[in-house]
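Shared chain: chain A. Partners: chain B in the first complex, chain C in the second.
Presenting the complex of A and B:
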């Protein structure tokens, strides 16, 4: 009983800690106007508490962590990506409309011959009470900390010997350190004056500022107070009638425009299809060759007649075990470099030829596939080795007795049997290669170029093409457009995967017949 | 009983949480890992003077440029970011940074190129502290006297180059337009023309200007004559340099420590004249920029005018980051360092690297043209004219 109670207290305190933390974040988010996030967190926490204390929810306790991670890591990013592809999110269109308007409201200008005021602060070291503003030509002005202008004569004050008002309403003049302590209060002070306001310009002076823009929320227009120009909303930006655009613009949903742009703009569309074809080539060739090599090696290493199998096996796994980030850079700079690379040095000294490994389109495509096959074949070898163990020996034995030769045994028994377990892995490998940004980017960055101003290089696959599209906007990032490409890639991969898995079902049926 | 325990724990955790809430009236600076320590120093002396707190956060450059865009409007941004002038265009476009009002007499104390670099649309968006650019770095053991003219440079290159070692007399990182620009600009090549008000005229693209084509031709001849490979990535250049197999290279102060680590006897000189014309390297500038949404406008102004733009602080920055100061009174005091002075001399002919956001696109297409020239697919005039045409189309808005 005692033990159980202690356990219960522990549980409650852990939950309490988590809840308190969550509550803190909720408050922080509410303070930052993020009510949606705040409420999501709140609801999730209540759900968690219910899970922790209700008996009914017992089975869910084991299911929920997985579900949560799946939603957080798969569903939400995909959803966000799809959402972005329907917006104009790009450089200059990143903030929300409210934030953009806030930015314009924040802008003020210092009029020509604008006034500057020294000030004397009165108060206690803890807080400011009055400011006496002084400029060269004007009379001194007394204000309180709400920004109201007061009549100097109505408030009790006394002068010191030099004729300086050293005391107002029993408050004394503060020195600089004391003023700086209350700098926050002083900074927030805005004294209405003519068309604008006086506010602290530097720490030692008040300046007269006029707000640069007025926003008319009914007409949704912005008026420049200095030039009286009118800016109207056009393409998520304030634009004047003579075409002057104000930055920043804001993000807004623009429907299918990114997709339409992708399909109708020659500059994007033309490379899209050639890049798509090359991506298929690259994936198919990589998977095919690495599988053939991997399976071949696995068959060899599975043969008990070969000595030191373990040694060969560990040696052959090396490319897979080494971090690809390092080996790829070694391939790029150490092997493929046309002047100092190992390959060309050897070829040059032996046959006096130089091959542009990464510099001509054809060779570059060959090189990236070569490297990727080198990176992938150990994986294929490993899975094949595993699958080979599952091939029943008696089947092979029976076949041998029936007079089947080695190739026939492989063709009719071993291969169909291992394909049952390997085919889905091949599809997985295909999907991975299809989107293998790392290999392409670290080896060639999609280069060599195919022409000046072409977005795609000769070795660009869809995903690296999408990445490049994100950064080739006229003025910076085109994240909306790039997300649209990502969505298209996603759809392609889903289609290919679904079709291929249907095919593997057929393979399974073959296996059942055996 | 259980409920009381629950309540007590809850309260215990809530109190410190509320105390953590952010406060106004203090400055926050974002800087990358090399600049953060410098600004921590400067911040602490400001706090001593005024009692106003300054927090310096260390972040990567990419994080700074990305996060300021979204954090500032939400009120979570810094008051200052320390950064390079080529951020300016993009940050202005996103509404992240605000123009800075400085009195005329203070602006005059900065190298005009640096003020130019930090300006966008006729307004100043950053207060510079240092400038940098490329010069001719040479290996004193291979090249005892730096060349005075391009002809001398080519002759030295011919003498020293031996591709079987491999050793090269002269290299420039290729096809990177930033490094090649001194050669491209000497005879009048430029990127963007300027409007009367000093801002860039994006419709006047100078990639196909005669000077640019002639400059590219000069480099192309080096490649055709086998004096330079068709591609010189950073790895190749630094490798040759530190092994002592590179006579001269156009590069910046960042390569000096790499060469010295390899035991190379490093000298720095201005890039030699081409046909009597001075090469004009791009000048890069570092400085402070101000968050457009900051509530601390007055403190910011005070920090800039009464603390940052002073000889003591600029000197402190130079001591920790020895690049030519942008603030001329400080530069006068530190002129005696020969390496730094040579770089300063080289960039005194320089022009500010355009800070318009369109520049990233220009870099790409320009580098593609240089690649086509290098691998001998196209002649310089063909490649640069095509690049120019493509850019003009994009600037006009036809995709």
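Presenting the complex of A and C:
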């Protein structure tokens, strides 16, 4: 009993310490203006406390650590992706509207005949302390290095013969060299002054800059103070009446626009559909050929009369055992390279022909499928071997006695039987191939490009196309559009999953358990 | 006649098998041969070099290409931690699903089943943006950190692995734990002392499959990691050979051989275990 009590005390003190620490961090984050992160930590800690002390929560204690990761790194990203697909998130539309306006508010211009100030710097050789700004028409202004305007009379100073103070607050006038040593500090200085601000314009002078834009929040327009042009909101951007667009724009929800763009505009419709068709072609052909080869080899190896079956099997699974990224690079540079690659060297020396393995659309498609079949046939062979073991021998024997030949026995008995267990795996393989970014990216990066200005290439599959739209865009990154493509893939996978669920009946299993 | 037929059938069977073996093994022989080639240049490479040398290997380990070692270290570290932590987390979750009956259990199982259908890479844009956001707020798990990458991998590993483990745990009879409960054990004690030892085979399989999967992962790593010192082997090697394949072909071949060995050794020494996991539905790229 006493042991239990001691344990309980230990538990409470650990929780108390962690909670105190978390509270400290929360306050730190709030002071740092990170409300979101602070509240996330806060909620998580409350949850942890509940988990630790409530009896009801017992199963969750085991569950939550894993589920948290899954939700944070799979469910949230996919959900967020769906959201992005309904926004105009792209180059030039990355920040929020408030941030964009803030950006414009910080822009400045120096008007013609604007005010200029020369300055005297006070401080030590190591750092600047005060600046005395001077212009012909104005009174002198004293500022510190945080940009605050100071009252000259409140600070101790003494004049020398030049008419300017030679000493302020016991700091002396710095010479040119000492100023240049600390020029970074000067360049960062921004002094709020009247309607605008003072900033270093040349090395010797401060300029009085005026904000270039005024934002009218009632009318939601931006006015250029210099040209007096008016910019109105259009497509999440400020646009003037004569069509001039200001960068940056901002992100906003645009409904189904991305999907509509994908399906109807000339620029995206054609690439999207050709990529879509090729993705299906690529998955079907890969799975078909690697299954045919894998099953064929499995049938050959399943014959107990063949000696060294295990040895053969070990050699045949090498492509599967090797890390794919290494073999893909070997195929790409060692075999397919049109000048130095092994294939062309052999073809060239024997028949004097060169084949553009990865450089012409047709050959590139052939090559990526060939390599992917090489990568995946061992898997098909292994699962076929496994399934063949389960075919009852007496059934085949009975068929043989009834006079069925080898091919008939395969077609009527073996094949239907093994398909029961293999079909779901084929569907799984199809889904994997459908999204096999690595194979395409390491072999061709989706290239060759089929037309000038096209983002997509001949071997791009949907996921590599989406990746290119998001990260490799030549004309900017189209994250919204890319997410829309990802959502299309998502829907296709849902369909495939439903199909495979029907076959494996896993769902019913889950339902049966309760 | 019948005898002759049998001979022929035996010959063509063996012939087909050997053609397939050549198809399967050839790229590997090619890279091994290349790695012992004296010349770096892809143009003069011979598959069976006349005067084999270890120059290429030396350049990777002590020579000018020794960032290779950093990549290997990064990859092993990331794969090991991902596999280890995910086995730990998944065994906890699977135990809960397998042994407790609680509100929301069914929902949880369905969620896991559905989530593991979707490749995490579909959310790559969002993952990138989330990591960028982390970069501002919690830099040590943000973009271009190994900790961040491991977090992303862990998220992707949970669904499938928990599902597989739960199936295995279900097959372990409950009577053993009940005996332990009678003796006064807590449920965590029963989990640690009874379930985990009995479930060792599935834990090993999942560790290995996860390790190999993480070792070869390219897409997420290449999106999140920037800079020579941070790369994993997959990202690093691609860039290494990508721009200079003509004069780095030899070192690349050696790197390919070294980079494959560890995975191939693990794979072959545990092949029977892995195959049983495969036919159970654990398909990983």
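Simple rule for what comes next: the second predicted complex is superposed on the first by the 300 of 514 C-alpha atoms of A that agree within 3 Å, B and C clash if a C-alpha of one lies under 4 Å from a C-alpha of the other, contacts with A are read in each partner's own complex, and residues count from 1 in each chain.
Following the convention adopted for this analysis, contacts are C-beta pairs under 8 Å (C-beta built on N, C-alpha and C of every residue); 3 or more make two chains touch, one makes a residue touch a chain.
Note that the coordinates shown come from a computational prediction; the quantities given were computed from them, not determined experimentally.
Which partner does A:148 reach: the first (chain B), the second (chain C), both, or neither?
A:148 sits against neither chain B nor chain C.
With both complexes superposed on chain A, which partner does A:424 reach: first (chain B), second (chain C), both or neither?
In the superposed model, A:424 contacts chain C only, not chain B.
If you stack the two complexes on chain A, which partner ends up touching A:405: first (chain B), second (chain C), both, or neither?
Neither: A:405 stays clear of chain B and chain C.
First (chain B), second (chain C), both or neither: which does A:187 touch?
first
Looking at A:124, would you say it contacts chain B, chain C, both, or neither? Reply first, second, both or neither.
neither
For A:340, decide between first (touching chain B), second (touching chain C), both and neither.
A:340: touches chain B and chain C.
In the superposed arrangement, which partner chain does A:314 touch: chain B (first), chain C (second), both, or neither?
A:314 contacts chain C only, not chain B.
As a test of reading the superposition: which chain, chain B or chain C, is in touch with more residues of chain A?
After superposition, C is the partner touching more of chain A.
Output check: A:474 vs chain B and chain C. Expected answer is one of first, second, both, neither. What do you get?
In the superposition, A:474 touches chain B alone.
For chain A, what residues appear in both contact lists, the one with chain B and the one with chain C?
333, 337, 339-340, 471
Quick one: in the complex, what on chain A touches chain B?
On the chain A side, the touching residues are 8-9, 12-13, 16-17, 19-21, 23-24, 27-28, 31-33, 91-92, 94-96, 99-100, 102-103, 106-107, 110, 176-177, 180-181, 183-184, 186-188, 199-204, 247-248, 261, 265-268, 333, 337-340, 359, 448-449, 451-454, 471-476.
Across the complex, what residues on chain C touch chain A?
10, 13-14, 16-17, 20-21, 23-25, 27-28, 30-31, 34, 42-43, 45, 89-90, 92-93, 95-97, 100, 102, 105-106, 108-115, 117-130, 137-138, 151-152, 154-156, 158-159, 162, 187, 191, 212, 215-219, 223, 233-234, 237-238, 241, 245-246, 249, 252-253, 256, 259-260, 263-264, 267-268, 271, 275, 278-279, 281, 283, 285
Name, in rising order, each residue of chain B that touches chain A in their complex.
2, 5-6, 9-10, 12-14, 17-18, 20-21, 23-25, 50-52, 69-70, 73-76, 89-90, 92-96, 98, 101, 163, 166, 229-231, 233, 235-236, 239, 292-293, 295-299, 301-302, 305-306, 356-358, 360-361, 364-365, 368-369, 371-372, 375, 383, 386-387, 390-391, 394-395, 397, 399
Can you tell me which positions in chain A touch chain C when the two form their complex?
34, 37, 58-63, 65-67, 69-81, 84, 293, 296-297, 300-301, 303, 305-306, 312, 314-319, 321-327, 329-331, 333-335, 337, 339-340, 342, 374, 377-379, 382-383, 386-387, 421, 424-425, 428-429, 431-432, 435-438, 441-442, 463, 466-467, 470-471, 479, 482-483, 486, 489-490, 493-494, 497, 506-507, 510-511, 513-514
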